[in-house]
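Beneath this line is the structure, given in structure tokens, with notes to follow.
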Amino acid sequence: MGDFASAGPAPAEDLELLRSYIEQCTNWGRWGEDDEIGAVNLIDADAICRAAALVKAGRTVSLTMPYDNTGPQDGSLRSNPQLVTTATGLDYLAGTQDFLPGGGTSKGFGYSDDIVIMANQAGTQWDSLSHIFWDGKMYNGRSAAESTSAGSRSNGIENYAGRIVTRGVLVDLPQLRGGAALEPGYAVSVAHLEEFLAAHSLAVQPGDALVLRTGFLGERRGRWGDYAGGPAPGLSLHTAPWLHRQGVAAIAADTWGVEVRPNEIGVYQPLHVVSLVHTGIAFGEMFDLDALAADCAADGVYEFMFVASPLPLTGAAGAPVSAVAIK
Amino acid sequence: MGDFASAGPAPAEDLELLRSYIEQCTNWGRWGEDDEIGAVNLIDADAICRAAALVKAGRTVSLTMPYDNTGPQDGSLRSNPQLVTTATGLDYLAGTQDFLPGGGTSKGFGYSDDIVIMANQAGTQWDSLSHIFWDGKMYNGRSAAESTSAGSRSNGIENYAGRIVTRGVLVDLPQLRGGAALEPGYAVSVAHLEEFLAAHSLAVQPGDALVLRTGFLGERRGRWGDYAGGPAPGLSLHTAPWLHRQGVAAIAADTWGVEVRPNEIGVYQPLHVVSLVHTGIAFGEMFDLDALAADCAADGVYEFMFVASPLPLTGAAGAPVSAVAIK
Amino acid sequence: MGDFASAGPAPAEDLELLRSYIEQCTNWGRWGEDDEIGAVNLIDADAICRAAALVKAGRTVSLTMPYDNTGPQDGSLRSNPQLVTTATGLDYLAGTQDFLPGGGTSKGFGYSDDIVIMANQAGTQWDSLSHIFWDGKMYNGRSAAESTSAGSRSNGIENYAGRIVTRGVLVDLPQLRGGAALEPGYAVSVAHLEEFLAAHSLAVQPGDALVLRTGFLGERRGRWGDYAGGPAPGLSLHTAPWLHRQGVAAIAADTWGVEVRPNEIGVYQPLHVVSLVHTGIAFGEMFDLDALAADCAADGVYEFMFVASPLPLTGAAGAPVSAVAIK
Amino acid sequence: MGDFASAGPAPAEDLELLRSYIEQCTNWGRWGEDDEIGAVNLIDADAICRAAALVKAGRTVSLTMPYDNTGPQDGSLRSNPQLVTTATGLDYLAGTQDFLPGGGTSKGFGYSDDIVIMANQAGTQWDSLSHIFWDGKMYNGRSAAESTSAGSRSNGIENYAGRIVTRGVLVDLPQLRGGAALEPGYAVSVAHLEEFLAAHSLAVQPGDALVLRTGFLGERRGRWGDYAGGPAPGLSLHTAPWLHRQGVAAIAADTWGVEVRPNEIGVYQPLHVVSLVHTGIAFGEMFDLDALAADCAADGVYEFMFVASPLPLTGAAGAPVSAVAIK
């Protein structure tokens, strides 16, 4: 199979495989027809308590890249976040705030203020369940027509607010190969995942967040090139049944698209089609996992409390998130 | 004293009082001259472990308002967050994505995408330590001139990323008065805080987040009027020494400015001047605490794990945050 | 008939009238099936030369309101233009540009720079022929489906660039009634237009721009209220056949929507439906005509060269314009 | 002299030369201390009438590039204009506008709407007289401190609204060399300008706009590379006294910065320093002059009416403009 140069229809055997995976892995209807959070429902009270019980050292690691113009976007599909200031310390020092009652240099008090213009998926972010469509539908069988210029009427990212609080398990793939980052096109298989987990005597439990480090973000940091949108290492399509079986609630990877690119069959991002659209797993992209990997290597502990609630941007297809691993 | 109509200098006795509070409460230099997070330093390993130990029920409550055009801003100082879509389900259904290799309705795959334009302090948000200046300086003695059109070179909001993870204590003031929201101009005193804490057998510990509900946000929800910027209930200036003494790391309130307005002396937002600029406490504003209050009233537990890491917008004066209380 | 409170279908007789006007006034196909500028085609070489021949005094009047936060929008449908600075003189003076080779205060050279975020129809602006649809179609029979999240594939505002250069004729309606602005709901009829033209011995010629002053903009300046979107004086639907017959290329009015509101039949903005969608006349809104009216009253000359080329924003539904009357 | 790699101070002889040009060419105070338009004052009634008298053929040529994401910016200093839609024909067809009284597919009426986010100097644009500073000051001796986060209190681009209406003279330099575009670094001298003008029996008159084509924009169209900000052909610093003597009101060139880059002395953009800051000439950049050049080559007429009123963005350092040449 491999990738595809043409825009033609996918080969019949690719579509057959995809349909088979969809049939095995679908969660449509599982949590009711009104459900808008999919596999995140697997994060139950036990999962949350289990996560909190992992906090022993009292240490936190941020998993979010800075949002600024040094980010990975090249402006073709998306632009980097742009901070624009509307009031600065220099304004204050120059006396522009002196008209304020009780404010301005003449009275001591001053302030700064700013605005951000950002593509919601410019940096570290969660996809919402309205981000991807297959055969005219999004998660839980809703029509793609729910997604309009006013945002999506359902499955928007706001549904995840306060919900992504669970146990995280870091699978640090470069560790299996002497620290080297995975190459673009490298497909991570179930065997890879299980090899790592076994080596660390870990098992993924229902409701867990699978935190997947390929090393690719660190490899490209500061010289991004086509990092955001080009060929990348990532999960193989063939992990979809395993992800479903394990009850993975969320995946957070250090690549722009979680899954391997070029794709393994003649359909664009087929793992999104199976695991996001049908299984309803939360896909997290461009998580910065280098500091976490170093932390885990130092103490040998690859599980932690994972708190990653996205900004509740009503109706959005994705949202930035300030994610934290807590040990 | 009361409020002030003129833009003239503050009365001498007001300034003397303010200077006295600043002297008592300053943390400048306490964590070194390079420090950029102030009282958040008080969140140490013990504080984090103490917070996690409060997670017993496996329940989460989001403390963040939706970011959308139903928000509290009226456009005079700041505008509500604006979501603008760059690709929708309708585009996909109409065939605009058919040119994608492996995508488009003809091949099954489609996507939506969007951008947000938002004032960083439009809704639930943390102030950074570069947001407020006094006598030409921000926290830790840095010049206001560090804050330029490129953002602030120091004390930016990105310093808080991954750091605001601690025990939260809800002080639900309406409970002291039969559930009624506090009125604009109502100054919350140390006596009020201690009355509530004593009633619930709670004590604030160093590194804690003080989560302060006035009921004002709920009172104005959906008919905001001058909620964001006008008169408001809030902390009295005279709580500053207590906040410092208790070792409060962060305050999250359901008002636009944490402190009472109109202010109690002839200086604009004097509690910001003492407790943010000098003590270095993180100020969180427009936190939506109604669901949390209901949850705490139901189980009688007013302490919880509080995870509220802001978006790391490099150099920003503030940032939105998807805050979570975990029990 | 009058306005309508319900969202129900229009009365049958209203639709019949509308269809009759559409039939009389349509220009679909008149300039070929590829045409994207409609009645602006009537501005031929003669029209341009006639316009230039009106320049005798060597005087110009700007017809565009300032684009800034004092504008007429209230943020419900659209927001006022927001200028955000990315480099200021204060930055330069503070030394932030000193790193530039040959720049910065240390070397003398500095600069300021800025960005604008604006609703294209926030202030003085032209509608494009892709702005309004009727029965699923826009001007010249194109499908509304041409207008997607990437902008409109046809009839976009860029087609007007360099084209709106013609004779303008000011019809200053308040002059007919002692200077008083027309009230919201006041429908301007053919009789009103002809009375004014006759009084000034003027005739509208094919390709002309009809510049229509109701006085409503001046009446609301600085205390806008519902100026942008609410009830307004304006052209009656029943002027549509006259506009078509006269060969009016463009109409520029001092109201937000050219036509009277509430509308005269149970269809929203029916004059847009007939004269913009079918006749293909360029509709210009929120033109500031007060200075022009004063100028014309002073010299008694109500015709002039009218140059009003919109910004060529590719695919946009409208665009701001810096319009000039030249005498 | 030549260019300079270091950020060090300019050589003394360069500064001396610059000061000599400034002294010869300054117009500070010439039109009163309140003046904010500089050499545009030279466009008097005669100049406007002279311009209109050039309209003989009844033909217009747009001189403005499309504003869209195919533009010349690479995102490092500025980004290309971004059109974002808030309502599309697809939304209307999908029924999202059916709630409107009298609107929606069910009732026939629909609309599209959009917003633009643009760096004011992203494409074809005028610099304002508050865009460039020298020795702490802008045109007419005002302090650079007038330019704050709220925009500039004086010399903003809004002052040009309705004012740039004059005779334009095209100097088409590639014509002197067989049609080839000038190379980056090519300095256009007075001799070049006079050679072209003499060949066409033209003289520049006070108040004229000098429209300067280097061919560089056409050379880079669609494969912009470092077009916007990199080395470029352009006017030599040494043309400054000639520009002043001739009474040039405005210069519109097809490069990003009018003047040659790298610069000829150790000061950044020294022609801006002399001719914009001190002479007060309007600088227009990235004008698309290829169609105009073809038009002039065809009829042999290199003078025309030039109407190029920028958007009046209050306090802005520059603004887009829909410029037109009329013959």
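For reference, chains read A, B, C and D in written order, and residue numbers begin at 1 within each chain.
Convention: a residue touches a chain if its C-beta (ideal position, glycine included) is under 8 Å from a C-beta of that chain, and two chains touch if they have at least 3 such contacts.
Here's who's who by UniProt: A, B, C, D = Putative cyclase.
Bear in mind the structure is a predicted one, so any value in this text is a computation, not a measurement.
Comparing the chain pairs A-D and B-D, the larger number of C-beta pairs in contact belongs to A-D. Chain D (Putative cyclase) has its Cα centroid 45 Å from the Cα centroid of chain B (Putative cyclase). Of all residues in chain A (Putative cyclase), those touching 2 or more other chains are 85-88, 90-91, 93-94, 115, 117, 145, 148-150, listed in ascending order. If you sketch which chains touch which, every chain touches every other chain without exception. Contact residues of chain A (Putative cyclase) toward chain D (Putative cyclase) in the complex are 74-75, 79-80, 82, 85-88, 90-91, 94, 96, 117, 145, 148-150. The touching residues of chain B (Putative cyclase), when paired with chain A (Putative cyclase) in their complex, are 4-7, 9-10, 15, 44-49, 51-53, 55-68, 70, 78, 81, 83, 85-90, 92-93, 98-121, 130-136, 138, 143-152, 158, 161-163, 165, 263, 266-269, 273, 305, 307, 309-318, 320-324, 326. On the chain C (Putative cyclase) side of its complex with chain A (Putative cyclase), the touching residues are 84-86, 88, 90-91, 93-94, 115, 117, 149.
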